[in-house]
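Here is the structure we will look at.
Chain naming follows the written order as A, B and C, and within any one chain the residues start at number 1.
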Amino acid sequence: MTNIPKKADILFSAYSVEPYQILKDAMKRKKEDIIQELLDSGLRGRGGAGFPTGMKWKFGAAEKADQKYVICNADEGEPGTFKDKKLLTDVPRKTISGMAICAYVTGATKGFIYLRAEYRYLLASLEKEIEVFEQKAKEFGLDFEIKIFMGAGAYVCGEETALIESMEGKRGEPRNKPPYPIQNGYLGKPTIVNNVETLASVSMVCRLGAEEYKKLGTSDQKGSKLFSISGDSPKEGVHELELGMKVSDFVTEYGDGDTKAIQVGGVAGYCIPRKKFESTIIGEGQTTGGSTLIFNSTRSMYRVLHNYLDFYAEESCGQCTPCRVGCQQLLKGIEAVKAGTKPPKYLDQLMKLSNTMNLTSKCGLGQSVTNSFTTIVENFREEMIF
Amino acid sequence: MTKTNELVKKLVEEHGVARESLLPVLQGIVKEERYLSKEAMRDVAEQLDISAAEVYGTASFFSFLDTEEKGKYIIRVCKSITCDMKGKCELVRTMEDILKIKVGQTTVGKRFSLLETNCIGLCDQGPAMLINDDYYTKLTPVKVREILGDLIRKTS
Amino acid sequence: MTNITLKIDNVDVTVEKGTSILDAAKKVDIRIPTLCHHEDLCIAGNCRICVVEQIGKHTLTASCATPAEDGMEIKTSSPKIRKARKDIMSLLVSEHNTQCTTCYRSTNCELQDLAAEYNIDNETYLSVLKPNLEIDKSSWSIEKDDSKCIRCQRCVRTCADIQGVNALAVTEKGNEMRVSTFMHLTMNEIVCTNCGQCITHCPTGALTERRYYDEIWDAIDDPDKHVVVNTAPSVRVALGEMFGYEVGTQVTGQMVTALKKMGFDAVLDTDFAADLTIIEEGHELLARLKAALVDKDPNIKLPMITSCSPGWVKFIEHMYPNHLGHLSTCKSPQQMFGAAVKTYYAEKKGIDPSKIVCVAGMPCAAKKYEANRPEMRSSGYQDIDAGLTTREIGHMIKQSGLDFKDLENGEFDSLMGESTGAGVIFGATGGVMEAALRTVYAVITGRPVPFERLNITPVRGLKGIKEAGIKFENCLPEYSWLEGVEAKVAIAHGLTNARVIMDEVAAGTSPYHFIEIMACPGGCIGGGGQPIPTTDAVRIKRTEAIYKEDMEKPIRMSHENPEITEIYEKFLKAPLGEKSHKLLHTKYRTRKRY
C-alpha cells in the first residue's frame, strides 16, 4: 500500500507567530522547564549526529564558567544538503530565537553563527536580522549578543570541534574527545553548538509544546524534519516531512518513476537500492541531516561512489591515518578494480578497510565513509567491476 | 608602507591581535587582494606574533583562502554529486574553451580564475557555480557563454 | 588529586584522574604500540595505532588521547584491535617510501619496527606515495625527505612546544596534507634555528641531519691532509647507545681509540676549548660587570648571555635582533677550537694550516651550520671544516669495521687534548654556568666556590628555568669593587624557556647578571645530533654520566688546565687580548623574524 509522505508545515509557514514572541514567552518560564520540554519532545540534533538537544542543553546549563558560548552551526557542507540555507533565508528569526532561548537556558552571553564561506551572499541579510534581534534582546532584558563568523571553505568544519578550532584561528582539525565542547569549547569555555534547523525546531517546540510536537512522526522519530531533495526528481528542493516514512512512499512522491537508488544523509549517509525501498524507513536506525539524493537507472553507481570518494579524499582534514590514507586507498582501489588492475575480490579488502576506518578514525568524517562505501559496493558490485 | 601593509594593519586593528582573529584578517585580505601573498602572510604573522608557517598552515587548509594569485573573477564550479550528474563537466569544458585555461588556472590578464569546488548547497538547482560571492544556477553551456561574455565585456 | 580505578586486560589499575589509558596500561607493564606519541610532547592522537577496545563502545579508542575513567573496562589485545592496527600500519606503509635499505634511519626506525612486528606487506594496498618528492638538502644541518613522513606531527609539535619556533607546520588538507614550511620554502630559506630537535623526535627517516662522513673519509684517505677531530663532552656519554651500551655509559676511552684507528691524525678534546671559553667568557663577564658597576657605562649590556649553543644564537638573531648586545662575544668551544687548531696547533706542530682538516664531533645539528657561518674564518681558513653528529660518528665507527665493545681505552692526543671537569660539564644544562662560576669565583676571591666539592647543585637539573645567586665576599684587592655583590644567574634550556628569559631582557626587567641558554632540552646531552630516542629518562642518565666524569677528573676548574696556561703564555698572551679578540670572539647579525 502506498502512503503519501506526510508533509509538515511547521518550520516555514504555519504557526506564524513572531519568533521573538516565542522567545519572550520562553523567558517567562523556568529554565529547567524548557529543558524538560525539549527532552519530552524527543528533539534530536538535525545536523546529522542526532544527539538529543535537551540533553546537550542540560549539560550546558550545568557547567559553571565565567563565560559560555552558543554557536549556531551553519556550515552546511554535506553534499546534497541545502535546508539550513533556506531556513536562514526564509525564517532566520526562528533560528536566532532558538539561539537566544539556548542562551537564556544555559547562561551563555555570546553567540556566533558560523556561516559557511559558500553562503557569503546571506551575510548582509543576516546582519540586518541580528540588528533587529539585538533591539529585541535589549527590550526583553536578555544579555546575549550574536556575531557572524564566516567559514573559509572546509567540509570538516561542520564537525563541531573542527568548527571551534577554525574559529580560534587554527586549522579545522577535529579535536580528541573528551573533553566535549560542552565542557571545553571555544577559547576553552563551555560551548553549545547546534545546527540551524535544530535551533529553529527548538523555537517551534517552545511554541507548540512537546505534546503537540511529538504527535508528528513515529514513536522512534519525533517531529518534522526538513529534507533536501535533489538528483533525478521532478520536485527538487526543501520539503518538510514528518519523520518515519517508508522509502518506497518517498520515492513514489519525489522520484521520477525510474528511481534506482537513493542516498539518505548525504555522502556520509547510506545508499538504499530499489530492492530495499519497501523494507526501509528513512532515518530508521541512523540519524540524518535530511539530504536525499535520488538516482535513476541512467546513473552509474561507480561514478557516484567515485565522486563521493574524491570528495572525501579532498575534504578529510588529513590528520589521522585511517581517514587520510584510507580515503585515498578506497578511491584508488575502486579505480584499480574498474581498470582491471586489481581483481574484483579486492573490493572485499576495501570493505574491510572501510570498516577499520569506521572503528579507528578520529571523527565522524572518517567514521562514516564506510556507510556509503559498503552500501554502494554491496548493492551495486557489478557496476564497480564492469 | 605598501598597500598590503596598510590593509593588514587596518584589519588587525579591526579584529584584534589574538589568534582567533586570524581567519577574519585573512578573509579581509582575500576580499581586497583576491589571494594571500607571501608579503601579506608575513605581515599577518608579525602582527599576530605567530610564525609565518602557522599562518600558511592555517590558510592552506581552507579552500577560500588562496595563496596563489587569483583573477578578478574567481569562478567556482560545483563538482559535487548532483551538479556532476546534471552536466558540470560540459560546463567546465565550455569555460575552459572560452577562457583558454584549464581548471585550477588563472587567465594571463588575471581576470578569471577557473576552479572546481565541493558542494555549494545549490544541489536542487544544479549545475551551479559561484563567481566571487554571487551564485548562478541551472546552468547550461549557453547560459555560461552569456555570463562570461557579460563579464568579459565589463572588464575590457 | 582523586584516584580512579579501571580494568585493563582484566587487571585493576588505579591511577590519578586525567591519566591516559596508555599511561595507565604502562603502569601495569602492558605495552601498547605508539607512533605519534612522544613523552616530550603534547598529545596528538592522530596515528591511531594505539587504539584499544573499550567495553560497551562500538568504535575503538585511541589510548594516548583518552583519559582513563573510573570503572572503564579496556582490552588492549583482541582480534578487532589486531586487525585494525595491522590495517593502520598497512596504510602508513602504503604512503611511505619503503626503500628501507637506503634509509639512514634503518634499524632505528619506529615505523620499521612496527611494520616488522605486524608483518606488513606491500601487496595489501596500493602505493599512494606521492611521486617525484625531492629531498630538501638545502640546509647545512637538516635534510627533509617527505617520502618518509608519516604525518605524525611530532616534529611540528617539537618545533612548537619545545622550541617555540614553529618553523614546521601542517599544511594543506586531505590527500595533500603534509608537514612543510611557510609556502613550502626550502629549509635554508625559513626561520629555523637548525637545532635538530625535529630530527631526534622524528620516528622515521623523514628528518635527518645532513651527513658529511663521505667527505671526512676522503680527507682521511688523502695522505696530504692532516685530519684533526675534536669531540664534545656529550658525545662520549651517548655514543655507547649506538653500540648497545646502557644509556649513560661513558665510552670516552673506546671512542678515542676508535677515532685513532679510523685514521684521524689527531684526536683532541673539545673540552680544552670549553676551558678556553670559560677563561674568555669569565673575563668578559668581569669586564662587563666592572664597566656597569664601577664605570657606570650605559652602553654595557647586562645580563650577559652565553653563546655556546648555535641553535640559540640563531634563535636570538631571528627573534630578538635588537638585543644581540647581551650575547657574549665569545665563539662556541667548537669554533674556538677550530680557530686555535689552524693557528696555534699548526704553528706548534709545524703543519701547514691549509693542509689541516678540522672535524668536530658534536651532539648537535646546528654546529654544522655554525661551522659554515661566514664569520667563522678567523684563522684565515674555514675554522671547522665539518661538524659530525654523535650518530654520524657511530656510523663511521661501524663503517670502519671496528668492534667497539672490544676496544681498549685510549688517551686524547696533545696539544689541545687536556681538559678539566669544568669543560666536561658543558654538556649538561647549567654546566657552562657552573664552570664559569667555579673560575670566576676563584679569580675574584682566590678561593674555590663555597659549594661542597665544587658541585654547584642549584644550577643543575632538568627544570626549564633555574635561578641561583652567589655572593662575593673577601674579594682579592683588585676585585674589591665586587665586595658583597650577589651575582644573580639564570639557566634556561629549550627555546620556549629561552623566550621567557628574553622577554624579560627585552622588557628591561631581567634581574640577572649572567644567563646560560642552551637550545636543546637538557643541554647538549639532549642535542639534535644525539642517538635516538632522547627522553627525560635518557637525559637524566646522560647527565649523570657527565657529572661522574667531572668528579673523576683530577682538575675541575678551567683556569687550572695546564694546556690553557700554556696557550696563554705562549700564544694568546692574555684573556680578551688582541689575539683572543681576533680568533676567539665573533659578531652576530640580525635576521628576519617572519
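As a convention for this text, a contact is a pair of C-beta atoms (placed from the backbone, for glycine too) under 8 Å apart; a residue touches a chain by one contact, two chains touch by 3 or more.
These figures come from a predicted structure and were not determined experimentally.
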Query = What is the shape of the graph in which nodes denote protein chains and edges denote touching chain pairs (line, ring, star, complete, other)?
reply = complete
Request  = Give the chain pair, either A-C or B-C, that is connected by more C-beta contacts.
outcome  = A-C
Key: Centre-of-Cα separation between chain B and chain A, whole angstrom   = 26
Ask   = Quick one: chain B and chain C, Cα centre-to-centre, how many Å?
value = 44
Query = When the C-alpha atoms of chain A and chain C are each averaged to a single point, how far apart are the two points in Å?
reply = 50
Message = By the touch rule stated above, which residues of chain B touch at least two different other chains?
response = 57, 61
Message = Going by the contact rule already set, what residues in chain A reach two or more other chains?
response = 154, 171, 314-315, 317
Multi-chain contact residues (two or more partners), chain C = 170, 172-173
Note = As the complex stands, chain B meets chain C at residues 38, 41-42, 45-46, 50-57, 60-61, 67
Query = Touching chain C in the complex: which residues of chain A?
reply = 154, 156, 171, 173, 176, 178, 312-322, 324-329, 332-333, 336, 342, 349, 352-353, 356, 358-362, 367
Request  = Give every residue of chain B touching chain A within the complex, in rising order.
outcome  = 18-24, 26-27, 48, 57-58, 61-65, 79-82, 84-85, 117-126, 130, 133-135
Ask   = What residues on chain A touch chain B, complex-wise?
value = 76-82, 85, 116-121, 149-155, 166-172, 187, 228-232, 236-238, 263, 267, 293, 295, 299, 303-304, 307-308, 311, 314-315, 317
Key: Parts of chain C lying in touch with chain B, wherever the complex brings them together   = 165-173, 180-183, 190-191, 593-594
